[in-house]
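The same subunit A turns up in both complexes below, where it pairs with subunit B and then with subunit C.
Then we have the complex of A and B:
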């Protein structure tokens, strides 16, 4: 999860402190829509599996807790 | 003194200037005005003051809103003839084919852009702000189709800026107003999620929008979308430094009406412009 948090901080330089596991990353636009596919790429790279956006829902990307559970649990 | 001869249109009516362009006759104009007045009821109901947006928008301002990343194909630019062309033009040379110099400005493609840009670095306060305007909007399209798809058209918008909850409430109120108004006018509308006309339909923004629709449209039975409710999250608030008091960057949302498309939907529903106008006048009468 460190790489995910680092990516979010890199994209949001004004962000102070850690990001809450339940913070709504989409609604607060910590993941800007222009960067969304880059975020998906990052998750694919970390997890080593491809993500089918036809199968996913927006809630799968909404919080760090959900991202961990949905995509990164196997990667630890 | 009779004025009849001066008010009657000539045989054949008013000519249309070309594809995507239209001159509205008196009945269609009465429909357009009357429908816009009725749609302005959403603004009146929620205390949104009426303003008038600027007729041109700075390209630099639009670039900050990612306008060109999203819709480079839609923009209709404002140009001036180069100084070296002026003598020829004044001497009767045809203007077609002469180069135009960019002015750095575009005609608006949506009413809310001019309002949002006018709020840059402002604080809309803890309670937020609503504004409403009708503007003439322009979009380059690949084809034009009567009143359904025009090069230039009128767009009425009711814009909200404030909190996340306030933005959602604005859209719910807007959607209820659309349904209620359609009912009064005898229009049968279908609501569905919608996509903005992104240039890059496989791009990041379009893909996220497919997962999390931020736009819903209300369409007439022939598929013409005549109203939409749109949420922007805090995108414009962040990009333009618009704050909502202690809440930080403002969340925004707008309810938009394509007024010529309402005219089209009324004629579709009631059979002719005259019958549509009768129905509109009946609906606009206080109960």
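Then we have the complex of A and C:
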């Protein structure tokens, strides 16, 4: 999850402190619509598996905890 | 209340300019909107969101002739059905579509008869790669927007505007706003009149001077 957190900080310069595992990334505006596609690319790269956006929902990307559970649980 | 007749309106402005406009302040937001603002940690991003909601009220005001403070805005998620997020709408104007967008210091808003969607990005923003965009955009959409970063950015704002309109709006207009350095798109069911905010100059009106083609501002 370090790479995911680092990516989020890179996309949000000036963001102080850690991103809580249960923080709502969408409501906090830490990911916008165009970044979202790059976020999916990143998760695929880390997990080594493809993500079908037809099968995922926005809630699957809403918190770091959910991202880990949904996409990165096998990546360690 | 029936939708106001006439064209759709789409406005683009710099966040700081919108927030400086007299008569538009955070006080106009509903409590649920204020709670959403409070969840945003980055002050600049919070300002963008606030400015987009105020610009939307200005668009509606210009279209309906009512003061910006009269606009009751609601949102409903088309996926989960819950209120407070998702597609914005006006409970008092069921035939009037509204949409808003914000990105790194620029904001856009639109209102018009029927499904309406708007999107804006700074023209300097580097868009996602063509490979990444193909997750959602067709090859034809990418090709039609032109080559390079500028073409992909135009394709993206067009896609977003159409998506926000529920894919139902028959017309999509993409334009560059040179003054704010933004690329914007509006998808509407009616011809769209586009305007760009000018920096306010006290003590005159809330927004001036107007450019030719601008609709008249609301007079309190």
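Going forward, the second predicted complex is superposed on the first by the 76 of 76 C-alpha atoms of A that agree within 3 Å, B and C clash if a C-alpha of one lies under 4 Å from a C-alpha of the other, contacts with A are read in each partner's own complex, and residues count from 1 in each chain.
To be clear about the criterion, a contact is a pair of C-beta atoms (placed from the backbone, for glycine too) under 8 Å apart; a residue touches a chain by one contact, two chains touch by 3 or more.
If you're wondering where the values come from, they're calculated on a predicted model, not measured in any experiment.
When both complexes are overlaid on subunit A, subunit B and subunit C end up clashing with each other. Once chain A of one complex is fitted onto chain A of the other, the partner contacts of A:37 extend to both subunit B and subunit C. Between subunit B and subunit C, it is C that contacts the larger number of residues in subunit A. By the touch criterion defined above, A:15 reaches subunit C but does not reach subunit B.
By the touch criterion stated above, A:56 is placed in contact with subunit B alone, subunit C being left untouched.
In the superposed pair of complexes, A:27 makes contact with subunit B and with subunit C alike. In the superposition on chain A, A:45 contacts neither subunit B nor subunit C.
Of the candidate stretches 55-63, 91-99 or 271-279 in subunit B, only 55-63 runs into subunit C once the two complexes are overlaid on chain A. Residue overlap on subunit A between the subunit B contacts of one complex and the subunit C contacts of the other covers 27-29, 33-34, 37-38, 53, 57-58. Against subunit A, in their complex, subunit C makes its touches with residues 36, 39-42, 44-46, 49, 79, 85, 103, 121, 125, 127-128, 132-133, 135-136, 156, 160. Within the complex formed with subunit B, the residues of subunit A that make contact are 26-29, 33-38, 53, 56-58, 61. Residues 12, 14-16, 24, 27-30, 32-34, 37-38, 40-41, 53, 57-58 of subunit A touch subunit C in their complex.
If you check the complex, the residues on subunit B that touch subunit A are 66, 69, 164, 203-205, 207-212, 233-235, 238.
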